[in-house]
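Can you keep this structure in mind? I'll have questions shortly.
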Amino acid sequence: MAGQGRLQGIFTPNMVPLDERGNIHEAELRRYVDWLIDRGVHGLYPNGSTSEFTRFTPEERRRIVQIMVDQTAGRVPILAGAAEANVRETLDACEYYHGLGVRAVAIVAPYYYKLSPDNVYAYFQEIGRNTPVDVTLYNIPMFASPIDVPTIQRLSEECERIVAIKDSSGDLAQMIRMIEAVRPNRPEFSFLTGWDAVLMPMLLIGCDGGTNASSGVVPEVTRKLYDLTMGGRLDEARRVQAWLIRLFDPALYSADFPEGFRVAVQLRGFRMGTGRQPLSERHRAILGELEKTLAALLAEQELTDQPSPLPTAQLDARHVSRIVEGVLAELQQRGVTLS
Amino acid sequence: MAGQGRLQGIFTPNMVPLDERGNIHEAELRRYVDWLIDRGVHGLYPNGSTSEFTRFTPEERRRIVQIMVDQTAGRVPILAGAAEANVRETLDACEYYHGLGVRAVAIVAPYYYKLSPDNVYAYFQEIGRNTPVDVTLYNIPMFASPIDVPTIQRLSEECERIVAIKDSSGDLAQMIRMIEAVRPNRPEFSFLTGWDAVLMPMLLIGCDGGTNASSGVVPEVTRKLYDLTMGGRLDEARRVQAWLIRLFDPALYSADFPEGFRVAVQLRGFRMGTGRQPLSERHRAILGELEKTLAALLAEQELTDQPSPLPTAQLDARHVSRIVEGVLAELQQRGVTLS
Amino acid sequence: MAGQGRLQGIFTPNMVPLDERGNIHEAELRRYVDWLIDRGVHGLYPNGSTSEFTRFTPEERRRIVQIMVDQTAGRVPILAGAAEANVRETLDACEYYHGLGVRAVAIVAPYYYKLSPDNVYAYFQEIGRNTPVDVTLYNIPMFASPIDVPTIQRLSEECERIVAIKDSSGDLAQMIRMIEAVRPNRPEFSFLTGWDAVLMPMLLIGCDGGTNASSGVVPEVTRKLYDLTMGGRLDEARRVQAWLIRLFDPALYSADFPEGFRVAVQLRGFRMGTGRQPLSERHRAILGELEKTLAALLAEQELTDQPSPLPTAQLDARHVSRIVEGVLAELQQRGVTLS
Amino acid sequence: MAGQGRLQGIFTPNMVPLDERGNIHEAELRRYVDWLIDRGVHGLYPNGSTSEFTRFTPEERRRIVQIMVDQTAGRVPILAGAAEANVRETLDACEYYHGLGVRAVAIVAPYYYKLSPDNVYAYFQEIGRNTPVDVTLYNIPMFASPIDVPTIQRLSEECERIVAIKDSSGDLAQMIRMIEAVRPNRPEFSFLTGWDAVLMPMLLIGCDGGTNASSGVVPEVTRKLYDLTMGGRLDEARRVQAWLIRLFDPALYSADFPEGFRVAVQLRGFRMGTGRQPLSERHRAILGELEKTLAALLAEQELTDQPSPLPTAQLDARHVSRIVEGVLAELQQRGVTLS
């Protein structure tokens, strides 16, 4: 599916449900993928910051994308986070995700060490020259080395495989500068915002879409905000944007990111499990309070889902198939005929 | 003129021309005021950050407003910066500006010391309770103690005399939060942005106007951006906003603020004089380069003004009067009779 | 007294007592000056940050220094804060303080606007060339434009009148760099630290003294720490330094600076009055708690002073004189003869 | 060797030489380890920030420690960086390094996401309760979530296995606070500073040693500074500390960390190879200039080493064994008898 059209619309940076032992809960992840697609998100974005990519092993990151590609089955494009320990490992991941058929990868600038813009450029240039799959630059200055406008411009001019930027700074002026610097030469280059609180104005100044954590919680609302804004219904869009901030702010600021979003997704009926970062008592209390706040907000919009499914519903799909097949086989052995 | 209607549109934070001895150049200031009004700004804003209020003495700040009120003669409303050393001095300034007939004052949160939000609240509450004139809160977190959303909300609820906020953070999400927090209770409260680079999206999410340094340089353009955006002509507005950033960025970032704007205003034909902050050789060289950049940008928009006026035009009005009186006296002594 | 010897030892940045109307409480200020000198501080430092210089008018700042010079009467040197709105006003203040006989002035880098190092240089160069009195550079990057090492080096080489730096960053490495950059050419240049929490290690790496807020509260202790450290009694010094942090931290961090120090000085028996920055209820509660903490700490060191003096003791000296003279006059009128 | 005595002295956070394909250059690493031990460092610290731990895979990090433990052969204690993607992986690494016989592990607070202090506590508590090997907390606020004083105090009181803190903030006051908070209850707890520019004052206020990048370049000098300071020869120590800053500053600040240190180690005669982070042309030019600066500095101290060894010296030990065995086999085949 690679190479087709511009990245547009809402790409959900989905969290990963974990089972009781802290492992990837495949069945719940598959169920979550279906639910998101059903509610209208334009694409999925595994291994982003909301997805806690740094807390999984390299093998787990691949497994997550594999499951999601399989479950999505081409219904929506996938943008796979591919940042690994160094350029070589990152390019290996690009190869792998390319083989899986993702639409593009997203690669955050190096983190931990704070790099100068010229070395951020050198890093992405090396990747841009060798990747077999389209690359989205991922700028998130609060967590990683910033990617500045001259760097984006230069990379966009030199590397055809670099096709988009996902910016989580929330800085409107910076986005205008990026668009002005890149679009004249690369009209198909895509600009995505990762800052839900300004999705509407970002779209109005020229962004193509967003990779928004809130779309993992209220995909209906984030999608609606996108549609209203792109359709020029600004008065309605303003109201939806304001409501989205009312959800986004407590989910983001009251607890260490992305714990608040885990609670929020859980409220939509998914068993997310316990995160891998141990939480203090204080934080657990905060999340308990947050749950009430978020539940009330969701109720306002009549987004109250049925309670989390029964344990049986959480079995791995293939596991269930095997059980069903076993039962059928036994029935047949006992001479029962099924139409 | 106080108390009439909501603050709306573009209020220019005008720089103050200085004469050869570094004093306020009254005649040139008056000429600048006329020029700005002629080019369509909705109001004037003396003693703001662009106006270098901290570099004048308390007496000079009063003199500046006095001159401008006199010259404006009611054609546009004046928003006068009134921050002084402490609450008592600030309230005295409010009284004085009220007496002059300004539409409102703007008061920056205390600076130098960084105050907690609750003490920022206490400061403005004291002012809000005692001011005879409408007050605009002035939030500029890069220079002064920040005024957070709960503080703005509380002040707006408790102090009728506080009628607006001017926010120079450029943070769209914060502006949405402010509007959501205040407008339900105070529908006439006004929201102004001081960050030119995002004027268009700020207006689109609900701002009432701006106090923009660029409007002191290209009042025609800032006004046009306001009109296009408010009129829903977004494609055109985007182009003007992008051009304004091309002007704003070098004026703001290439030299210490607000030196770049002094150069820019000079290019429109005003003798701004030498600023009070001594400049290094390096900075003077930077400003020389900047002048070329800005001149080219202005030429693009055919904003090339006639050369700076002749010296005679710059004489202080009272000085001119004295010269005229001297000539008349001498003529009389020589026996010339004037009707 | 100007021009004599190197600035050395502990200079107290004293707070200014205010009377019931919020004016300078001259008698209490005089009493405080005496008390500080009696307890061993090497010098006094009016119009510093602890002294809330920005909250006084230009006239009040002069009055404060005048009172203190008069009261000190040459017992200890005075370092007078002389920063005003611009270079011209600052130089006027230098002239004035020079006329009063201060040992030197201290001038903070320009604040509100954040200046580039080269313009900070230009500012101090202009002052250094025109000042009649010795100048101490004042670096306090948390409140004002920072003065970097190359700037200090250049100014020390070019301006003989610049004789010292007072650094409130608390950065030891930066202090070592300053000393290395300046001392070879200016062996008499003085280095003072404004960060009480590291006074001991600062002295050990080569500082000449400190301008420490804590010396306004516990002059005995700050002086003792200085003496122990300079005398090489490091084990004892470590204990005193650790205790001083226990005092400094709550005084500094629990309330907006310098409110905690006002409470602390009050505990030593001075009527400091209510500060000019209005305080919120929350802050008043915080200060109530802080008072208990500080009182306990002072009691630990047996620094419990007699209660604040009776109201009569707080009368202005001239006021008292006038009362006394009035009484005498009346007695004389009644025929009482006094020897 | 685990569990013996307090961590004291200089632990070198050594860089890892890479071969032409960018893999760990085992032979050169072994040679470097010997060289460091010969020059007097008290311990070695693989997988720290200077060691670029984030740029290696989990498997490589284990291999590095394995090689170093093997080569050190008990001559000095090893403090092994053990931070992995999450608590489970980190504890697995602790087990592994414990099995290798390291003295302790060092674990940086979670990075990328910025955690609240209470969750930093929860993270280390989980590790402290389950680790089989002594743990050093690693505080480096410029790269990772900060570990504050109350957190350190609580962990030191609750987890016996947590035996030290390595602090790279360079903040003297904070170090005094840590020592005051921990030492009364845990007199054997160790305090190490990772900020070379203040090693001397840190030792004077009570630190036990340092983990200093400069000790990987000039182990003789860092060791000498330690000895002079601990021996109370402060005048000499001040001079060495000042020189060390002259080396540390350009190595740290002129290029992205830790590229400057790679150049510096290379100047001591080690083939460090090309780092894994691609460098821009600009950065390569900077490093060329830096090399000259550092070479001149080293020459000042007569630290000019012989040129980098011949390729044969860089062969992998096992490779050498295989060559030797091959020669022996051939000799035997030719009838040569060896005793």
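Letters A, B, C and D mark the chains as written, and numbering starts fresh at 1 in each.
Criterion: a contact is a pair of C-beta atoms (placed from the backbone, for glycine too) under 8 Å apart; a residue touches a chain by one contact, two chains touch by 3 or more.
No experiment lies behind these values; they were computed from the predicted model shown.
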Show which chains lie in contact with subunit B and also with subunit C. none
Centre to centre, by mean C-alpha position, how many angstrom separate subunit A and subunit D? 37
The distance between the C-alpha centres of subunit B and subunit D, rounded to whole Å, is 55
Suppose each chain is reduced to the average of its Cα coordinates; what separation in Å results between subunit C and subunit D? 43
Residue numbers of subunit D (touch at least two other chains): none
With touch defined as at the top, which chains are paired up in contact here? A-B, A-D, B-C, C-D
Could you list, by residue number, the parts of subunit A that touch subunit D in their complex? 22, 49, 54-58, 85-89, 110-116, 118-119, 121-123, 125-126, 142-144, 256-258, 276-283
Complex contact set, residues of subunit A against subunit B: 170-173, 176-177, 179-180, 195, 197-198, 200-202, 204-206, 234, 238, 241-242, 245-246, 249
